[in-house]
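Shared between the two complexes below is chain A, which has chain B as its partner in the first and chain C in the second.
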Partner chain A sequence: MAAAATGGGISADVPILHSENLTSNVKSIYYSRTFLSIISGVVAGIWGFTGLMGFVFYLLVMMVASLGLLVKAKFSIHTYFDSWNRILIEGVFGGLMSFVLFWTFAYDIVHIF
Partner chain B sequence: MGIGHVLGVLGGALLAHAAYATIQYRAVLKITEEEFSSPPMDVMMQLLLGLALCMWAGLVVPAKFLSVLPHSEENRIVSLPANLDFMTFNHRGRALPSDPDLKLKT
Partner chain C sequence: MAEELVLDTAIRDWVLVPLSVVMVLIGVLRYFVAKLMRSPSASPSPDPKLVKEGQVVIRARNLRMNAQYIPAKAFKSRKVYYTNEENGLLHVPKEEAQKAQAAMFSDPNMAMDMMKKNLSMIVPQTLTFAWVNFFFSGFVAAKIPFPLTPRFRGMLQNGIDLSTVDVSYVSSRSWYFLNLFGLRGLFSLILGEENATDDAQKMMQMGGGFGGNPTMSLAAEKDSLDIIQHDWALPKMEHHAEEVLRKLLKK
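Up next is the complex of A and B:
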């Protein structure tokens, strides 16, 4: 009981987090983002987006994915993550490369060949 | 294989079918010599439905979030050691003076 009390006192200043669970959560987010960037790239390619329109579509999909992750975390970010950036921007720029790759790939198959 | 995997495969199949339909639509446009602006309505519905299904799968299939708070209910270890039959409490420690406040004084 005393240990729990001191733990609560320390976490008021420096938050103590379960780092293994945090790593597992961030890895789960990376899986979601990578899969969704590939799928959104295929959709953008089939739809026939060109130029800036495709990137707007990607940002839109990623915003919807952030909302989905927020629902998955049951709207209590600080139970599962250390900051809001984890679900808002984690993996967005990493997924952009996969998005462009699959966008051009699907566009080539559907519209050019 | 949970429900998420099934939805993901279904979404992927829908996207593949939409791609095939768009290729055929381009072929028809080439014959009638019209310009392509956007795929037909049913293909767009298929694309949106496939995207929604795959998004559901992409959010459900990866591991569930675990609590990072050290004192939360989920992080408690409730399993007991396996050798419970060999634990003994009838030892010489009973004869020693017991002082529960001893630790707090030091």
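Up next is the complex of A and C:
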């Protein structure tokens, strides 16, 4: 999380967004999500989750990530992002593929062979 | 269905791990090759007219994006400055537009650049695919830890023609494909944002700025500036400023 996205909410009705900062914030969310999805994939593989369990684990990790982002944003989402969806779902589906790959990789190496 | 296949550990050591490592390394290599190929073409000083047009487009875009932060009158006068039919910055005379288009098509440099970009994508992929096919075709390399319907057989067991093997076993060729898609996230982490896939998107976005067809983007920008609805976001700003100033005076 780099800089605050908004230049302060002067007028209450229309929030003023600084789009460059917003992009940078969204990018940092994306990076942390990607990183987390890879790490959680490896962890899930090593712990030997199979089937639905792994996806539940992924969702849990992503929820924890959202929570962490919320704390990091000091519970005022609209200071940093334009909507709640940003911290809730941004990058979740993009990370899923990486998660599956690293999950499979770690699982195979540890449990199959 | 229920019987488990026993996979040789040699498969892990000589197929699964090497394949993944090679995929990562090739991704990194491709990134640097693309960078090398790109830099010489960007360095010669571009046509000043092109640069000028690109900058005009960027200015117009800035106006369009931040339109709600200036009063209606200010916006209108700026809009006229950009879009009026006589000497607006974004206005391109018809015959000139046609000429520019013709010039674009006859310009071999542009096509060359596109070719280069495409080649740097396609060649490594074909080579890797051929390599994987040659060395590792036709056996099970991995098992995905979740069950799938038989529909996925074609996708995951590419290269094995056995219908009795459980679908969650992945052939080596399909493991290559899995890597191809799944490693994108890893690349964006290790190579930074300027990775090959992002690059294409970025080119697309700022196509108006440099390269692409500047006259075309001028016209497009003019259209979007024409249809924009102006909606001032700060009607209370003066009031607010007055308050602040009064507060300051009182002190």
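Annotations
The rule we apply is simple: the second predicted complex is superposed on the first by the 97 of 113 C-alpha atoms of A that agree within 3 Å, B and C clash if a C-alpha of one lies under 4 Å from a C-alpha of the other, contacts with A are read in each partner's own complex, and residues count from 1 in each chain.
To be clear about the criterion, a contact is a pair of C-beta atoms (placed from the backbone, for glycine too) under 8 Å apart; a residue touches a chain by one contact, two chains touch by 3 or more.
Everything quoted here is computed from the prediction, not taken from an experiment.
Touch criterion met: A:Tyr31 reaches chain B and chain C at once.
Contacts of A:Gly51 after superposition on the shared chain: chain C is touched, whereas chain B is not.
Of the two partner chains, chain B and chain C are each touched by A:Ile109. Common to the chain B and chain C contact sets on chain A are residues 11, 16, 19, 27, 31, 35, 48, 109, 111.
Within the complex, the chain A residues that touch chain C are 10-11, 14, 16, 19, 27, 30-31, 34-35, 37-38, 45, 48-52, 54-55, 94-95, 97-98, 100-105, 107-109, 111-113.
Against chain A, the residues of chain C that register as touching in their complex are 7-9, 11-12, 16-17, 20, 65, 68-69, 142-147, 170, 178-179, 181-186, 188-189, 193, 233-234, 236-237, 240.
By the touch criterion given at the top, residues 2, 4, 7-8, 11, 16-19, 21-22, 24-25, 27-29, 31-32, 35-36, 39-40, 42-43, 46-48, 61, 64-65, 68-69, 72-73, 79-82, 106, 109-111 of chain A touch chain B in their complex. Interface of chain B with chain A (complex): residues 11, 15, 18-19, 22-23, 26, 36, 38-39, 43-44, 47, 50-51, 54-55, 57-59, 61-72, 75, 104.
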